[in-house]
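Pasting the structures here.
Both complexes shown next keep chain A, but they swap its partner, so chain B is in the first and chain C is in the second.
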Partner chain A sequence: MTATQIPTRAAPTQEAPRRRPLPLRRLVPYGYLSPVIVLMIVLMIVPVVVVIRYSFLDNVIMTPTSSLVGWHNYVTVLGDPLFRTAARNTAVFTSVSVAVHLLLGLAFAMLLNTTLLGQRTKTVFRTIFVMPWLLTVAIIAILWRLLLDPNGVVNYGLQGVGLIDTPVAWFSDLNLALPAVTFVNIWAGYPFFMVSLLAGLQGISADLYEAAAVDGASWLQRFVHVTLPSLRPIIVSMALLDLIWTSQQFPLIWMTTGGGPLDRTEMLSTYTYKLAFSKYEFAWASASAVVLLVLAMVLAVFYVRYQRARD
Partner chain B sequence: MRAQSRASRVMVVVGAASALSLLAACAGGEGSPVGAGAADKKGTAADGSVVLELSQWWEPELPKGALRGIMDGFEQQNPGIKVKLISAPYASTQQQTVAGAASKTLADVVGLDGAWVNDLAKQKAVTDLTTLMKDAGYDDSQLASQIKVDGQTYMIPVVNFVYPMFTNDDLLAKAGVAKPPTTRSEFLAAAKAVSKTGNGNAGWILPLAQDAPNGIQNDVMSWVWASGGSMLKDGQPDVTNDSVKSAVSFVKDLYDAKAIAPGTLTMHEQDKVEQFTNGRVGMMIDSLAHITLIRENNPKLKFSISAIPAQDGYTGKRGMPYASWGIGVAENSKHKKEAWKLVQYLMSTDVNSKLSSVANAFPGNTKSVPDFVKSDAKFKTAFDIWNKGVPANEFTGLPTAEDLMRSFDEQLQQTLANNQPVDKSLADVQAAWAKKF
Partner chain C sequence: MTSRSQSVALKSGAIFGLLLGGCFAGLPILWMLSSSFKDNSEIFAWPPRLVTSTFSFAAYTSVFTDPVKVRFFLNSYFVAVSVTVLTLITAILAAYAFSRYEFRLKGAINVVIVGIQAVPPITLLIPYFGLIVALRLYNSYQGLILTYMVFTLPYAIVMMTGYFNTLPRELDEAARVDGTTSFGALWRILVPISLPGIVSVAVYTFMIAWNEYLFALTLTRTDNMRTVPIGIQLLMGQHSYKWSEMMAMSVLGSIPVLILFVFFQKFFIGGMTAGAVKS
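Moving on to the complex of A and B:
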């Protein structure tokens, strides 16, 4: 090992004045960021802090003075049987929606990625499959309320083919309301999975499939050992995001069933809304919202960790 | 280098300025849907005139320009006062009013529903109108009704939308029913007969959606009030009494007889009107305001207006449910005197006639007569029923009125769908309501 000689620069005849960073210069990056920082503080941090504060107070908003009640609001909300029903419904609604979103999205993405169909056919399918994504929640709710109405097209069709004798009130039936509203949510949400997974499928190298085929792998083996591992990062990210979004779904439930019949489609979001704007119990509603926030944050932490691990 | 440094400094200044302006915009936006202008120079215009804000949901429901035209008339009569309309659909207005009450940014004059009054009064968000009337020397004998909390008036109904019974003449005739029923037993028989005509027809339609539980007030309690019954006793809940029990049992009988249109548990008022308009429903209890809509959407539909059937043998005055466009003055208003002038103007005989005419509603001033009463036979019939009966809406002025309806709704659904005994449902409602009073 030989020592390397580092070339040295000739010392300047006159030492250049050292530039000390001015305080203003150090603020430059913050200056650029300040509009976003202010927006985030005002629109996100402040409301969240206010709601957390409300959740520890008594009779907020409705009375001029409020007193600190500690965890009392949380005890009240968590002890409410309707909260537990709402939590259970939310869990069922969310888990089924996410699972079927994933399955449907993957199935349609693979259909659109197959070489067995012509380009024109795939374009037609892609246009049809992506359509639910183009509609707003309000339109989706109205559309399905009309379709699933006892006098609607779905009942007419089912009666026409002899599957049912009398019209079914899908959103009003105690046993069918939750499946019906979950179905609508699945219909509205699968295109997001489909588009993302299609992009993922198109990024998988054909070499991998060829190598697997040379090794004698069947279609199923190629799917299990090539496709799924390649899509895993997208699937996990999408599933976590969908869990967060679906667990907070409010407008679709509100505009189709309103949480009814009875408490059959009551979700944590509709439960919280009713506490605030029907019962005017804003402190309880704040506690319920904070519980929902904590659940979403747990999922968000998983998502961020996963993203970091990927990076 | 120097130019770059200068550019950076400029960017810092621009960034900070835009951040501050965003902050200012956001701060100014708090409660802005309701009372944004309340703070701008304390409600004074550049020319020194007072700017009154009127928040309401009426403008979107009236013909275009109708409410503005009425306000222009007020401004002409009262130089130095201008009116700024803050209009939004009903549900948005309700939410904004609740938020505005909390942040003390309510508009000077507030459009109110009777169901909100108790909470807003107890919150001291709306002012005591009794005092304002007294100070202005106003004769309140001309007012058809006043909504009071603890003996003081907080809301005045400007116009009233009554809820009579609508009957589909053709469908009733097809079912062999010659004339609209006047008693509950006639109604039950007619509803059964219509439902038996097939083709998805139903005798009666009952919206019980929990997100909008006003079906309890308009379509269920109306049976109680039509027979002179009450759900209150000395201002306290009394839903276990015989009149409420008999009305709920009657609804249960209709449900069990499959005489109610399917989908009732999540149905909304607009679904009810739509199905009646499409000719699939024999009878409904609905707002008179929907007559025009029904005529426009199905000009061929032959329908009649009648009083809500009463219990067999009842001969007393019939209560007729109504909903109001009410008005109040915000406690935080800096111009209560001017605000009262606007209320007084809206309640004056001519203006109230005009407003009730364009709204297809009945006036809040006893001396006012809307135009349509003279020109339209159906409205004339309804006006006669209204005048013969008693305005009835016991939910008006009750605490958390919408929540009271919702808890009743839940128990009624238990009775209808789960066969929970009526007594148990009403006992549960009584217990839930008692906590709110």
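Moving on to the complex of A and C:
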């Protein structure tokens, strides 16, 4: 999931007696690419162009005639207090998720990379640690609805250790719903970081640590001066990808809180979905969808720039 | 502290951390498994127990004997396997072009493929429904399969191109000198030695297709076209929650990906991190 850019390759060495390529031969690569090109134009480029067009029209889909209204839909959507709430919730949900994904992923990766334990123990734990990530989001949502039910096992455990007095309805409590969905998202997503960081840790040369040890560096100094700088490229790439994907998270929210209670877990994705498929305001929904698209593209540009800079 | 007692302390610290992490990651999944063997009336029994006196396979039996639910699984398998096969074929052809040819639009197509991976699914959804209906793909396997390929292909192409780039050009060029066509060089020389790369792309593709939710929900209408994630959610939407059955379906729905992971861990993790790790 990390290799999102086609690796560039050094140009081939020119053959000595240079032949002028026949036009037909120049078309060969396009032939190999044609299935992808057709599919991407029809099912990706066309819908993106259509949604951008919708965002500048009035009453799209619901009425046969619609007229251009310029930026009107954007003004409406961006001025909607609910949109701002959704933007704020998305920002909190995304930033906390990404930060904790990174911390947990790094902690678990370092535990799994320790030389103190046997390979077999580590393989067993690695499999357990990865498991949340292998579950379908529909299953994750339902499982956590069961666990976080007021009568569920989490409430029982928390009451047992005295952290809460009465059972809590996590997903329908006004103040706890956003932390609860964020927690579930953290549970579901940290292995993505863990797996990549583990591979990164295994790639760090032992010489670096030995040199640091010779210099008398403490564990913390080795972590700050050897481990973190070596992992930096992975951390930045993963964090950008996670930002892109988490800010688009829809199914998990939809199947746990549905954006509620009230607007407390409304995200930009659920807000857009509801505008379109509950309120049938397709023009507004399109404007909101394009705003999301622009945000994603900005992050994608950062990502690509970063990858290019590394190459 | 002597170095011996220090290492014992470190070791127990590491084990403690692993166990703590193991509980965090594993207990919820253990609870899913445990709940699938309970009677529905025991789901919220107080105090909660991992194994109850009502332990039975009843929830599994009721999933397996319900043709509608069996159909959810068959649909998921059919769609995920088709997506995997078609993605592999298409991505291998495209990666061959990217890895072995220089052409004018290479950079532009590259940018589009990278950009596509960041497009929010919700942005596509609004025009997508109308488009799929217009293409007569609504509520069909083909509609789901082609849609999923839009999401699996970019990654598959990037990974396969990376893999092909690690193979020396001399291999296929030698075959070309011997008079093999470019397709022959790809098919007979490159593909067989790229099997590890192909396996990791396949596993990853299967996982995406098996897990997809939003488009499966939007692009299908009848139960005979629904996939497992939607099927589980449908159980939730009805009058009473059949928790045991939902958990049994969740366990069954997780098994294919878990098996793939356990068997192909090495490829899986290797492929996953192909771009992130550089020597």
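Definition applied: the second predicted complex is superposed on the first by the 288 of 311 C-alpha atoms of A that agree within 3 Å, B and C clash if a C-alpha of one lies under 4 Å from a C-alpha of the other, contacts with A are read in each partner's own complex, and residues count from 1 in each chain.
FYI, contacts are C-beta pairs under 8 Å (C-beta built on N, C-alpha and C of every residue); 3 or more make two chains touch, one makes a residue touch a chain.
Fair warning: this is a prediction, and the values are worked out from it, not measured in the lab.
Engineer: Could you tell me if A:L174 is touching chain B, chain C, both of them or neither one (first, second, both, neither)?
Structural biologist: first
Engineer: Contact-wise, after the overlay, does A:V236 reach chain B, chain C, both or neither (first, second, both, neither)?
Structural biologist: Neither partner.
Engineer: Give one of first, second, both or neither to describe whether A:V290 is in contact with chain B, with chain C, with both, or with none.
Structural biologist: In the superposed model, A:V290 contacts chain C only, not chain B.
Engineer: Applying the document's definition of touching, compare chain B and chain C: which contacts more of chain A?
Structural biologist: C
Engineer: Report for A:G258: first if it touches chain B alone, second if chain C alone, otherwise both or neither.
Structural biologist: In the superposition, A:G258 touches chain B alone.
Engineer: Classify the contacts of A:V130 with the two partner chains as first (chain B alone), second (chain C alone), both, or neither.
Structural biologist: It touches chain C, and chain B stays clear.
Engineer: First (chain B), second (chain C), both or neither: which does A:S278 touch?
Structural biologist: Only chain B; A:S278 stays clear of chain C.
Engineer: Who does A:L43 touch here: chain B (first), chain C (second), both, or neither?
Structural biologist: A:L43 contacts both chain B and chain C.
Engineer: Is A:D149 touching anything from chain B or chain C once the two structures are fitted on A? First, second, both or neither.
Structural biologist: both
Engineer: Quick one: classify A:V28 as touching chain B (first), chain C (second), both or neither.
Structural biologist: Both chain B and chain C are touched by A:V28.
Engineer: Which residues of chain A are in contact with chain B in one complex and with chain C in the other?
Structural biologist: 28, 32-33, 35, 37, 39, 42-43, 61, 149, 151, 282
Engineer: Quick one: in the complex, what on chain A touches chain C?
Structural biologist: Residue positions touching the partner: 1-7, 9, 11-12, 26, 28-30, 32-33, 35-37, 39-40, 42-48, 50-51, 54, 61, 107-108, 111-112, 114, 116-117, 121, 125, 127-132, 134-139, 142-147, 149, 151-153, 156, 187, 191, 195-196, 198-200, 203, 233-234, 237-238, 244, 248, 250-251, 255, 269, 272-273, 276, 282, 285-286, 289-290, 292-293, 296-297, 299-300, 303-304, 307, 310.
Engineer: For the complex, give me every residue of chain A touching chain B.
Structural biologist: Residue list for chain A touching chain B: 24-25, 27-28, 31-35, 37-39, 42-43, 61-64, 149-151, 167, 169, 171-172, 174, 177, 254, 256-263, 270, 274, 277-280, 282.
Engineer: Where on chain C is chain A touching in the complex?
Structural biologist: Those residues of chain C that touch chain A are 7, 10-11, 14-15, 17-18, 21-22, 24-26, 28-29, 31-32, 35, 43-44, 46-48, 90-91, 93-94, 96-99, 101-103, 105-106, 109-128, 130-131, 135, 146-147, 149-150, 153-155, 157-159, 161-162, 165, 169, 182, 204, 207, 210-211, 213-214, 228-230, 232-233, 236, 243, 246-247, 250, 253-254, 257-258, 261-262, 265, 269-270, 272-279.
Engineer: Show me the residue ranges of chain B that touch chain A in the complex, using the header's touch definition.
Structural biologist: Listed in rising order, the residues are 5, 8-9, 11-16, 18-20, 22-23, 26-27, 94-95, 98, 102, 119, 122-124, 200, 208-212, 261-267, 271, 275, 280, 400, 402-403, 406, 410, 413-414, 417-418.
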